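Chain IDs A, B, C and D follow the sequence of writing; residue 1 opens each chain.
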Amino acid sequence: MSAPRDPRTADLGRLVVRCPDRPGIVAALSGLMAQVGANITESQQHSSDPSGGTFTLRLEFVLADLAGRRAELEAALAGLAGEWQLTWRLTEAAHTPRLAVFVSRTDHVLQELLYRVGSGDLRAEIAAVVSNHPDLEPVARAHGVPFHHVPVTPDTKDAAEARALELIGDVDLVVLARYMQIVSPDFCSRFPERLINIHHSFLPAFVGANPYQAAHDRGVKLIGATAHYVTAELDAGPIIEQEVARVDHRATVDDMRRIGRYVERQVLAQAVTWHVEDRVVVEGDRTIVFG
Amino acid sequence: MSAPRDPRTADLGRLVVRCPDRPGIVAALSGLMAQVGANITESQQHSSDPSGGTFTLRLEFVLADLAGRRAELEAALAGLAGEWQLTWRLTEAAHTPRLAVFVSRTDHVLQELLYRVGSGDLRAEIAAVVSNHPDLEPVARAHGVPFHHVPVTPDTKDAAEARALELIGDVDLVVLARYMQIVSPDFCSRFPERLINIHHSFLPAFVGANPYQAAHDRGVKLIGATAHYVTAELDAGPIIEQEVARVDHRATVDDMRRIGRYVERQVLAQAVTWHVEDRVVVEGDRTIVFG
Amino acid sequence: MSAPRDPRTADLGRLVVRCPDRPGIVAALSGLMAQVGANITESQQHSSDPSGGTFTLRLEFVLADLAGRRAELEAALAGLAGEWQLTWRLTEAAHTPRLAVFVSRTDHVLQELLYRVGSGDLRAEIAAVVSNHPDLEPVARAHGVPFHHVPVTPDTKDAAEARALELIGDVDLVVLARYMQIVSPDFCSRFPERLINIHHSFLPAFVGANPYQAAHDRGVKLIGATAHYVTAELDAGPIIEQEVARVDHRATVDDMRRIGRYVERQVLAQAVTWHVEDRVVVEGDRTIVFG
Amino acid sequence: MSAPRDPRTADLGRLVVRCPDRPGIVAALSGLMAQVGANITESQQHSSDPSGGTFTLRLEFVLADLAGRRAELEAALAGLAGEWQLTWRLTEAAHTPRLAVFVSRTDHVLQELLYRVGSGDLRAEIAAVVSNHPDLEPVARAHGVPFHHVPVTPDTKDAAEARALELIGDVDLVVLARYMQIVSPDFCSRFPERLINIHHSFLPAFVGANPYQAAHDRGVKLIGATAHYVTAELDAGPIIEQEVARVDHRATVDDMRRIGRYVERQVLAQAVTWHVEDRVVVEGDRTIVFG
């Protein structure tokens, strides 16, 4: 990457390690990090069960010449892997993750992602915007982001997904930002734990389409939104973040939709930010979020 | 009532009027109130639809010698009733509503109601506590409230409900404060819009029993509680109030239960307070809350 | 205005009336509205003190051919004005208020206002953006909004304000959207109750400059923002809206600033929205907000 | 202690360690814990500055026969203390901390502490309630807690504090639960980082007496409460927790006081809970809260 060296991310690494929980694992890992000379700046851990559960550790650390010494660090981890049954993910913060954002006609979530990327609050690059409608092309273009209009009909769904995959190329994360199409299980399987959706309700209440109408009919006093990883089972993937907003009897369905937009953009942007900072770990049907 | 005259409630009245929405209704009602000399101190209104919907008005007012002039005020309302198809509820704030509280073994909601009655924040009298377990008798007794232990088995449910009804006598509101029994449709029908339940989840998510376990399994990031009027259809009555609390991946089911208790007590106490202040109006499956 | 007729605002009026509180005032005003044939769709009222205080009423209503019949409605109000000592503000919702937005270098609040205007959530026109720095010109231009760079130095402040006033022309509201200059008392006096500022702290904590540093040093657990009308006394004008966000010991001053931006944009956008919908009434040092 | 062994706390230890931040410290400490055979169940750390700041680590761990092996663990820590300049606090969760609660006339915070102790949510013993008024004696007595009435006048303050100290005896924490007296610097100095106050405002706004009146006059839209350690400088000690509640223009000073009570009890109870679980570490004027 020829981008100027950013002092906030240079030599900053992130390591997420998982293994069966056994006494001594922290000592082994922190010993390894001390040995290579890494200075740990943030550390969070979780055990699903101290007796026989899974241990998860997330470290942020500074290591001089991280890029040059990455192989060495990985070799050291590999040396522990057998004994402790480790799996790990090692990321250099200087690497900017590439996102593809799928939208339909509403722009509020896309606008929020663009704003946060622009402000530096979300350290990612939006590599492409894909939509089944042409409406948001100007929004993407105004931010210098390639826009691909890929219409979808029931008959062309497979071809459309194939076309979209071709267009977005190699990306780290796909974000469904109020994309009003159900993606196929095959599409999901290409982005395991790398496909995030915003569902415009407080899951598992009001799964499916038109949750604001359903929420209004049920007379709820809070409306919500849920960001979750997408799995083959619709609306059932691991939840990353949820938030709610208060409504009262005066709120029409349109009011709920309007209020909901601000919840949706906040929840999805938060989930994406945590994801790209390697703060989210999937554990079965749930997530660990080292927020 | 021989209680000392409370300057906060003496001569304070509350009027809730409903009728088809037509231009002039506010003028007609406020004209009536001006004519009898009532001084309106709070006024809220809602129209389900300005064209052909239902209009609801809630007034708080001060009228000198309200008790003595109640008949006159009702006669004036009756005079308008035909022309405007009015229904109304007129309450004297000096009347302290009588509550029966049904509990099982957990005391947090009962304790909260007792505290709020004691502090004057909830202007009501807890006339009786009924439980299918004996555990909370000391709690009720310590506050000078009669406690009735009415065991329930599947075979004795009808008799138990009949016994409970006899014991509580004439009450204005029945509160199910974590009462772990499903009350019968017949019981419900005796307290139309006067039977409030706290459901320990964010309805309509996790209807039924053990919602905290279900919420944990689903990996939600917010847990909630819902206070609602009880109707014959389980967990489906009109919602009065909801609230949530944040949980993270560390929370066990027990932690959620513990955190949930504080949400439950807050939500139910708020709903009961609004109810006894005539701030809740049922409109179909929903509620209008003039909070 | 030659804009197409918007069915959401056509013939929709807003009336805010203030007068000494006396029994009968609601009857008089609602009688007047009924007489002219206005259909009241929203009504809120407040009395600073039912005995001798000030009564405030806000109505939304639909009146066929409102623009044509405005004079008639005002004449009717004038007819009541003497007897009841009324003052009033009558607005046609079809009139789009013109805003001038003053900024310095940070764009988050401006972006939010532009987004909300674009989405229709804020029914206003941003007539001009004024800044003492040139940085945000592209942001304004991208939305088709005139941008005026008016540098300010201690020596040129008066001239700069005069120049800005000339450039913005006739506007309904001036919004200081993180404008890092103190405006003069003379400037304030030109926009009584029409000049809104966002203060990046929870007033009255941390008045003055650099509140995030001060909040960090004090170790607060919540940071906030305050939108208020600007008066001659710095940071002391009537508060319209406040909100907070949680921070913990890990938050640096920069983190607080970053988190604070999202609070600031929300609080200011909410305050401006309420203002342009005539929902805010100044009463002494405080505001009534009919939210 | 002859109390029955509680499986939730038996052999559960808590260790808070502080030292200058240097690479290797986590390895050294986790190595030590692994060596003695402790199973770490919760671990949180914070560095005030990775280069030359102070490192703080909080561990929860299970160690078989913790009470019997405490000396061994302390010896091992002492062995590291010189090299790393460690200070530490080691607590056995089975030890129930003793609290003295100082109150005046209002009972809401005391009630909340009593409820939480009774429910087991707050694992502490209220050893004594001290008050400058006799009013709350029945509340304490109903929970079997000794109550001491110690009147205070300007002239008798020193003697009164001495008397109170004598009466409460040896306690782990003193809680000022809306105690309407300013305690002396001498009293403060006896409980360094062990004296918690609830201030009924959002500090540093509205320091001093009658903050609700001040908040009302200023027209704030949120009222708050702050729990903090008490130092010799009034209202300036390190903040542990803060929370706010929304109010609107209708709220009188009395309403704010009423709403505020629920915020106060929540904030103080949370702060006390974190304190007794060794989750709060004072760092200069601020606190680290491992919540």
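By definition in this document, contacts are C-beta pairs under 8 Å (C-beta built on N, C-alpha and C of every residue); 3 or more make two chains touch, one makes a residue touch a chain.
None of the values given here were measured: they were computed from a predicted structure.
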| item | value |
| --- | --- |
| Homomeric contact chain B-chain C: same or different residue positions, threshold half | same |
| From chain B, the most remote chain by mean C-alpha position | A |
| B-D compared against A-D, more contacting pairs | A-D |
| Averaged-CA centre spacing for the pair chain B and chain A, given as whole angstrom | 42 |
| Where chain A and chain D are represented by their mean Cα positions, the distance between them in whole Å | 37 |
| Contacts with two or more other chains, residues of chain D listed in rising order | none |
| Complex interface listing, chain B residues touching chain A | 46, 202-206, 217-222, 224, 238-244, 248-250, 283, 285-289, 291 |
| Chain D-touching residues of chain A, taken from the complex the two chains share | 23-24, 26-27, 30-31, 33-34, 37-41, 43-45, 47, 50-51, 62 |
| Complex interface listing, chain C residues touching chain A | 107-108, 111, 115, 119, 121, 142, 258, 261-262, 266 |
